[in-house]
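As written, the chains take the letters A, B, C, D, E and F, and residue 1 is the first residue of each chain.
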Amino acid sequence: MSLTSFVKWPRYEEYKEMFKEHFIMEKRDDGVLLVRMHTKGGPQLWSMELHRAIWQMWRTVGSDSEIELVIFMGTGNQWICDFEPESWAPEQTEPEYTRYEHMFIDGRRMLISMIKDVEVPTIGILSGSGGHSELALMCDICLMAEDAKISDPHFFYDMVPGDGIHSCFIELMGIRRAAYAMLTNQMLTAQQCLEFGMINEVVPRDRMVARAYEIADFIMKRHRTIRRLTAQAIRRPWKQRIVDDLDMTFGTEMFGDFCKNVEHSNISARDLYFGSGEHAFHSMERAKQLDDEGKKSEKSSSDKK
Amino acid sequence: MSLTSFVKWPRYEEYKEMFKEHFIMEKRDDGVLLVRMHTKGGPQLWSMELHRAIWQMWRTVGSDSEIELVIFMGTGNQWICDFEPESWAPEQTEPEYTRYEHMFIDGRRMLISMIKDVEVPTIGILSGSGGHSELALMCDICLMAEDAKISDPHFFYDMVPGDGIHSCFIELMGIRRAAYAMLTNQMLTAQQCLEFGMINEVVPRDRMVARAYEIADFIMKRHRTIRRLTAQAIRRPWKQRIVDDLDMTFGTEMFGDFCKNVEHSNISARDLYFGSGEHAFHSMERAKQLDDEGKKSEKSSSDKK
Amino acid sequence: MSLTSFVKWPRYEEYKEMFKEHFIMEKRDDGVLLVRMHTKGGPQLWSMELHRAIWQMWRTVGSDSEIELVIFMGTGNQWICDFEPESWAPEQTEPEYTRYEHMFIDGRRMLISMIKDVEVPTIGILSGSGGHSELALMCDICLMAEDAKISDPHFFYDMVPGDGIHSCFIELMGIRRAAYAMLTNQMLTAQQCLEFGMINEVVPRDRMVARAYEIADFIMKRHRTIRRLTAQAIRRPWKQRIVDDLDMTFGTEMFGDFCKNVEHSNISARDLYFGSGEHAFHSMERAKQLDDEGKKSEKSSSDKK
Amino acid sequence: MSLTSFVKWPRYEEYKEMFKEHFIMEKRDDGVLLVRMHTKGGPQLWSMELHRAIWQMWRTVGSDSEIELVIFMGTGNQWICDFEPESWAPEQTEPEYTRYEHMFIDGRRMLISMIKDVEVPTIGILSGSGGHSELALMCDICLMAEDAKISDPHFFYDMVPGDGIHSCFIELMGIRRAAYAMLTNQMLTAQQCLEFGMINEVVPRDRMVARAYEIADFIMKRHRTIRRLTAQAIRRPWKQRIVDDLDMTFGTEMFGDFCKNVEHSNISARDLYFGSGEHAFHSMERAKQLDDEGKKSEKSSSDKK
Amino acid sequence: MSLTSFVKWPRYEEYKEMFKEHFIMEKRDDGVLLVRMHTKGGPQLWSMELHRAIWQMWRTVGSDSEIELVIFMGTGNQWICDFEPESWAPEQTEPEYTRYEHMFIDGRRMLISMIKDVEVPTIGILSGSGGHSELALMCDICLMAEDAKISDPHFFYDMVPGDGIHSCFIELMGIRRAAYAMLTNQMLTAQQCLEFGMINEVVPRDRMVARAYEIADFIMKRHRTIRRLTAQAIRRPWKQRIVDDLDMTFGTEMFGDFCKNVEHSNISARDLYFGSGEHAFHSMERAKQLDDEGKKSEKSSSDKK
Amino acid sequence: MSLTSFVKWPRYEEYKEMFKEHFIMEKRDDGVLLVRMHTKGGPQLWSMELHRAIWQMWRTVGSDSEIELVIFMGTGNQWICDFEPESWAPEQTEPEYTRYEHMFIDGRRMLISMIKDVEVPTIGILSGSGGHSELALMCDICLMAEDAKISDPHFFYDMVPGDGIHSCFIELMGIRRAAYAMLTNQMLTAQQCLEFGMINEVVPRDRMVARAYEIADFIMKRHRTIRRLTAQAIRRPWKQRIVDDLDMTFGTEMFGDFCKNVEHSNISARDLYFGSGEHAFHSMERAKQLDDEGKKSEKSSSDKK
C-alpha cells in the first residue's frame, strides 16, 4: 500500500454544480462531455464571471481523467455579442486592476487552459454570431451553424486585436486574409469560413449537436490512449502559436486600451452582427465622450498648436 | 595529380539492378530519373523490404551527381494499401525490435533522405489510392491521378498519426483541415486535394507520366546549378517541418502502438480505399482479438472495479 | 526646456521633391499618403535608381510621424517588367560590385525597410502585370487590378528565386503551390491570386485607387495609436518570414548568378506578361551567348571528356 | 449587480489541507507561499501520488489570485531519489495504463502547469541531491544547497532522457554540456551548476529558506502587476522550450520504456547520489532479470543466429 | 545613360552636422566611423531628443555606403544613467502620447535600426555604468570599460523589463542568469560580464578607443564585400531575437507603466550605479507619491474591504 | 516468406576497404567504430577527395545497423590545416562548377549526413589544430587534445564564415563570443574551449583514444534502442541549427568567394596554427595577385574617380 493518498479532486457531479451558472454540462457514460455556455438559461452574455469561468472550466474538466472528449458550444444564435455592463463596471472605476486581473489574466488563460490543460480531443460548435470565435475555432474540430457570422471586432472598437482571435485568424486563414479581416472588421459567413479553411463543416442549426456526437462517436471507437496521444500530436501547432503570439500581444492590446481609453463594458455588438451595425455600444453618448477624450492622446499638444 | 582518389560510389547501372525488386527505374540521358515502386511487377505491397528500400533508394540516387531530377510514382491504381503479412511477421514475435528497427528508423529515414539527401528537384505522382501519401506529397511538385483518393488512416487503425503523413497534412492543408482529416479518416479525392492546396495538378491516369515529363522538360531547360540551388531554397519549409515534428512524434506513435498493441501486419486497407471499408484487416478475427486485449489497457483494473 | 533639440528630419514637402523622379506622392491632410512608382511619368522601368529609391522611400516615409497610412502602387498596367539596360550596364562591367551593392543590399532593403521601418498600416495595389509583386503583396492589405498577372520569373530566367518574391509566395500560397509556381513560372491571374489567398480583392482598374481610399477611410476612423499598434501586431508573420528566409537566400541567388552568369540588364519581360513569352530578353543574341557560356559551368571539363 | 456569480474556487486554507500529505505550505500575509515537498514529514519519496500532486498543486496555487510568489523546495538533503515501490506497483501489472496515465500525463503536466498556469515569480530551492531537478531548475530563480548534487539519471537507468530534465539541461547548459551530462550520468555539484549557469546561487543548507525570503522581499517591494507581467516576460524561453521538446520527446521516452522494459518502481537512487552507485535498484535481482529480458529485444532473433 | 538619377541622400559631412548635438563623429578615410554620444560635450543624459537621435543616426549611417565599420560609445564613465526631467516632461502631461510616440516607437527603433539597417560590422564600447547597455551589447563585438557596471534596472523601478535590454540579457547570459539579473537588479561588473559571455574584452578606460581601432584594423584588412556579408551572417541571431521578443514585449512594458503609473522622467540612476542606491529618483517625494497612487491599483477596492 | 528481399547494402568489411584511402576504421565486436582521417597514413590534407569521402562515410556508416557508436578523429597533431593544391586545381579553372559541386554540395553534406543520417551516439576527438573543427564539435560528445588550437579562419582568408563552423561556434559559445572569434580569427586553446562550453574534456594526446573508449564503454552498457533513441533526442538542437543556418549561409559564402575571388587551393594554414601566421598561403605571390584583383571589386569604377 502506498504511503500517501491521491489528492482529492472535484468529480463531474461536483463541478457540474460548481459551474452551473455558466455552463450546462451533459456527460455520457463513455466520457463525452457537452459544455454549453449560457446566462440565465439564455444566450451567454460576456461578463467577468463567465470570462473567468471559461478557463476554470477547461482547467477543471481537463484535470478529470474520466472525461474523454469535450464538445463546446453556446446557447441561441449568438456567440459572444454583448458585454454585461454591470459586471464590467470595475473597468471604469479601476481600469488598471481590471485590465490586468480580468483581461490580461483571464483572457489569456481561457485559451491557454483549453490548449494546454486538456489531453482529450475537443469539438467546437460555433453556434452563433459574434466575437471571441477562438473559443470554438481553437478546438481540434470546429463545426459552424449555417446562419452564423463571425469577425474580429477589436479594431472596429478601437482596440488592438491581440487576445487570441488574431492568433486563430492568422493560423487558419493565413496572414493575407487575416490582416484584412481584422483591419476591416470583415463579417465572415459560415460558407466563407469553410472556404477559408477556418471550420470543418457548416451545419444546420438543428443538426449541430447531433453532428458533433456523430464525430465524437467515430473518435470514441478508438483506444483511449490513442485518442489522447493523437490529440496532443495534432494540437502542437496551436501550442506553438499561443506561445508565439498570445502573452505579449495581449499586453500590447492592453497598452492600446490605456492610450485610447476604451471601455469594453459599453460594447453591445448585437446590432453589429444582427442589424445594421449602427448601434455598436450600449450608450452611444458614453462612446462619443470616450472618443473625444481619446482624440487628445493622438497627437502631442505641442503638435496641435 | 591528387594524392588520393574519390571513393567509388554506385552508378546508375549498378543501383538500378540493386533496387530492381522494388523499383523500376528509367534514366534519360539528361539525368531525369523515373522511379516506379512495384512488387513482382504489380502494385506495391507494403513490406519491410520496400519500406527500407525507399530510403536506400533516395540516399543512393541523391548521392549520384548524374541524376538531375527525380519522378517518383507507384504501379497501378493503388498507393500504399496492404501490408504484406509474411514480411511483417516479426512485428508479432519481436515487437520491440521491429518497432524500433523497421518502423522508427526506416519510417523516418524514408522522409529524411528524400528531403535531406537529394539536391535536385523532385516530382511526385500520387498514382493511386491509399496511405503513405507523404511519399509523393513531400516532392517539390505533386501530380495526382484523377481517380485516386488518399487519407491518413492511422487514427482509424488505432494508431497515433505521427509518421510524417501528419507533417504533410498539417503543412499543406493547415491544422484545421488536417486535424479533421486525421481524426475522421477523411477520404480526400484528387479534386479536394487540389482545392486544399495539397497537390498541383489532377491528371488522367494515362497522362500522368507524360505530364510529369513535360514539367521536367521545362525545369531541365534551366542551368544545372540553378535548378539545384532552387530546389534547396524551396525545400526549406519541408526541412523545417521534418525537424520540428517527425522524430519525436514518430516515437510517440510507437508508444501508442505498445499501449494499444496494434499490428500493422494485419492491416489490409484495400477495402477502405476501394470498397465499403468494412474489411480493413487481413484477419478480422485477429483484429478483434487485439482489440479486446487493448481494452484492458484503457483503464486501470482498480478503476474497473 | 530640454538641453538638446530633436534632429531635423526631412518633411513631406522635402521628400516628395527628393523622390519625384521615382514616385508621385499625394498626402491627404489626415496623413494618408499615396505613393505611385513611375518613370518619366509612364510605367516604372526597373533601374538601379528606382531599385534603390524604393527602400529610401520606405525608410524616409516610415520615419515621418505625420504619415498615418501608405498606399503603394505603380503606373499603367505593368508592374515590374523590363530592366532598363543602360541603368544596369555596370552589371556587365562590374558584376561583383553590382551584385553586392545594387542587388544584395538594395534588393533586401526594399523589403526590410517596408516591413521593419514603417509603423503604420499599408495598402498595396498590384496595379499591373510583372515580377517583384512582393512590393505590393507584403503590404498589410493587397488589392489587385482585374487584368493583372503575376509570376516569380526567376527560375525561368535561370536565377534562383531568393529575393523575397519567394518569401511572399511561400507565406501566402503555402509551399505546395509556391514551389510549383516558381519552378514553372506559373502566370497567376488576379482571380487565381484571390482564390489562393494572395490578395484581398480584385478591383477594376478604374476603381483601384478609390477602393484603396475607402479601406483607408475605415482604418483612419480608428485611434492613431490603435492603428499603429495593430499594424505591428499583424505584421509579425512578415517580420518572422523575412528574418527566416531573405538575407541568406538572397546571397544564394547571387551565388547562382555567378555560376550561370546571368545578366538582369538584358531581361525584358514585357512579352512574357503581355505577349507570347517568346522574346524575354532585350537582346536574344546576348542571352544565347550567355547561355552557351553558362553551359560550360554545368559539368566539369573532366566529366565532359 | 452582475447576473451571475464567480465560480467558487479553493482558497489557501482549503488547499493547504487538501495537499497536506504531499506539501507543507506556509503563506505570508503578502502572498509569498513556501511549498515544501515531504513524505510523512521526511524527505519526499517518488510516489504516483506525489507525482500527480505536483501539477495539482501548481494548477491550484497558480489559479489563486492571492498568491504573489512561490518558493518551492524539498525536505532533507535529497531531492527525488527513490521511487516508492508499492505506489508504482501498477507499472508492473498494467504498464500500458501506468505509462500513459501516470507517466505521460502527470510527468508532462508537472512542468506544463508550473510554467503555464502560474502568473507570479517562482523561486526554486534545489535542497537536495537526486533526479527531477527540473522541478526547481525551471523556476524563475534557482538556489542550490551547497552539498547537493544532481544528474539526469535516465540514460544510466536505460531510459531515454525525455521527461523535461533534458529540456532544462539543454536550455541552461547548452547542448554540448547537456548531451555529455545525460550520456554519462554526470554528477554535477552545486559549484559546477553555478559555473555552468544552471543555478543562481549556492547557499549553505541552513541559509536556504532565509535567502529565498530575502530575494522574495526584494521582488515583493515592486508593484503587483509589474511583478506578474515581468514573470510572464521572462518565462517566455521556458514556454518555447516546453512546447518545442517536451510532449513528443516524453512519448519517445515511453516508447523506449517498452522496448527495454524498464521498471521505474525498482529504482533506488540513494546510493547513486550518496554512496558508491553500486546499488541503484531496490532489487538488484529484479533489475538483472529485466536486463536479461531486455537483451532479447536488442537484435532480431534472425540476426542472432 | 540612365533615365533617372539616384535620390540624393545625406553624406557624412552633412549628417555629422545634423547629429552634432547628440553624437561626436569621426570618420577615417577607410570608412571607419566612431560615434560618441554626449550631451553638451559631457556624459549623455537620457532625453527624448537623444532617444530619438539614436535610431535616426543608425538609419542614416547605415544607409551611407561609404561607412564601412561603426564604433559606438559614450562620454565619461556613465552609460545611460539619468533621465533629463525637462525633456521628458510630456510623460506627465501626455502619458498616452509620450508612451507611444517616444517610448514604444523610438525605443524599439533604436535597436531595430541598429540591427536591421546596418550592413557593416559594429563594435560597441560599453564605456560607462548604467542602463540601456543593449546599445553596446547588441553590436557585433563589445568591449567594456574595466570600471563599468551594468544592470537592467527596469524591475527595480517598477517597470516590466521589455525594451530590449531583456533581449540582450537572455540572448547573452541565458535565461537562468538573465531572469535573476532582472528580478534582483543585479549589478554586473565588467569582469562578470566577461565571464558570463556578455562582452568580449575588459579594457582599461584609456585603452578603449585604441583597442576598438585595433580590432577595426584587423577587420578592415578584409575585402569590403566579405566584411559586410559576414556581418549579415553573424547578425542573424540578433535579428531572430528582436523579431521574437521586442515589439510585443515592449508593448507589455508600456501596459505595465499605465498600471503602476511610472514616470521615467523622475529616474535618476546615478546613485544606483555610483553610490549607495538610496536616491534613485530626482524627486523622492514625487516617487513616493506615485508609489502610493500605484498601490491603489494592486488590488480591487472590493478585495480591500 | 516475404515476396521480395532486402536490398543488399555494403557491410563493414566492404566499406572499410572502400574508404581506406581516407579513413582508417576499427570496429569492435560490440559495434563501436573508430574512424580516423588520414592521408597516406599521415595527417589528413584537405583534398576534394577527402571532403567528399567524409559525407560518404557518414552516410554509409549511418546506414549500417551493426554500427552502434562512432568515434571520429584525425591523424597527428593537426586537424584540417592545408588544402592540397593539386586536388583543388579545378577551383582555378572551373570555379563555378567546383564551388557548386565540391563546395556547396560536399561541404553541406559533410554535416547534414553526420547529423541526419546517423542514429547512434557519436564521440568526436579534436585531435589536432586547424579549421573545420565542426567535424568533431558537432558530435554528441567532444574531447579535445590538450595541445590543440582551433579557429574559424574564414574571415581571415577573406571568406564569409558560412560552412557550418559558424553554426557550431554560435550554438556552443553563443553569438557574443562566436562573432568575435570569427571576426578576429581568435585562436582558441583546448582550455578556452572547455571554459566556453565548446568541448567536454581536455585530454592528453596519448589518452585521447583510451578516454573515448571509456566513455563508449559506459554508453554501450545501455540497451541498444535506448542508446539510439537518446541520440536522436539530444541531437535535436543540431538538427534545428543546421536547418536554420547552413544551406543558405553556405550559398552566401560562395557568393562572397566570387566577389573577392578567393582560392581555397592556395590556403596553407599550418603556419597559422603552428607558427607565426605569416605564411598563410601556399603561394604568397598568388595570394597577393588575387588580393589586388579583389580590390577592384570593392568599389565601383565610377566611385573611384
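Note that in this section a residue touches a chain if its C-beta (ideal position, glycine included) is under 8 Å from a C-beta of that chain, and two chains touch if they have at least 3 such contacts.
Keep in mind it's a predicted model, so treat the numbers as computed, not measured.
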Sorted by label, the chains bordering both subunit A and subunit E are C, D
Contact-richer chain pair (by C-beta pairs counted) among B-C and A-D: A-D
Superposing rotation of subunit C relative to subunit E, computed on C-alpha atoms, to nearest 5°: 180
Type of subunit C:subunit F copy interface by residue overlap (half), same or different: same
Subunit A and subunit F, separation of their C-alpha mean positions in angstrom: 52
Rounded to the nearest Å, the gap separating the Cα centres of subunit D and subunit F is 38
For subunit B, jot down the residues that touch at least 2 other chains. 96, 100-101, 104, 162, 225, 229, 232-233, 236, 245, 247-249, 251-252, 255-256, 259-260, 297-299
Every touching pair of chains is listed here as A-B, A-C, A-D, A-E, B-C, B-D, B-F, C-E, C-F, D-E, D-F, E-F
Spell out the residues on subunit B that touch subunit A in their complex, using ranges where they run on. 154-156, 158-162, 166, 170, 173-180, 182-185, 196, 245, 249, 252-253, 255-256, 259-260, 294-295, 297-299
Please give the residue numbers of subunit E that touch subunit A in the complex, ascending. 90, 93-94, 96-101, 104, 162, 245, 247-249, 251-252, 254-256, 258-261, 297-302
Taking the touch rule as given, give the residues of subunit F at its contact with subunit B in the complex, in rising order. 1-9, 18-19, 21-22, 39-40, 45, 47-50, 52-53, 56, 59, 63, 65, 84, 86-87, 96, 100-101, 104-105, 112-113, 116-117, 119, 225, 228-229, 232-233, 236, 239-240, 243, 247-248, 251
Under the definition above, what is the set of subunit A residues touching subunit B in their complex? 121, 137, 140-142, 171-172, 197-200, 215, 218-219, 222-226, 229-230, 232-234, 236-238
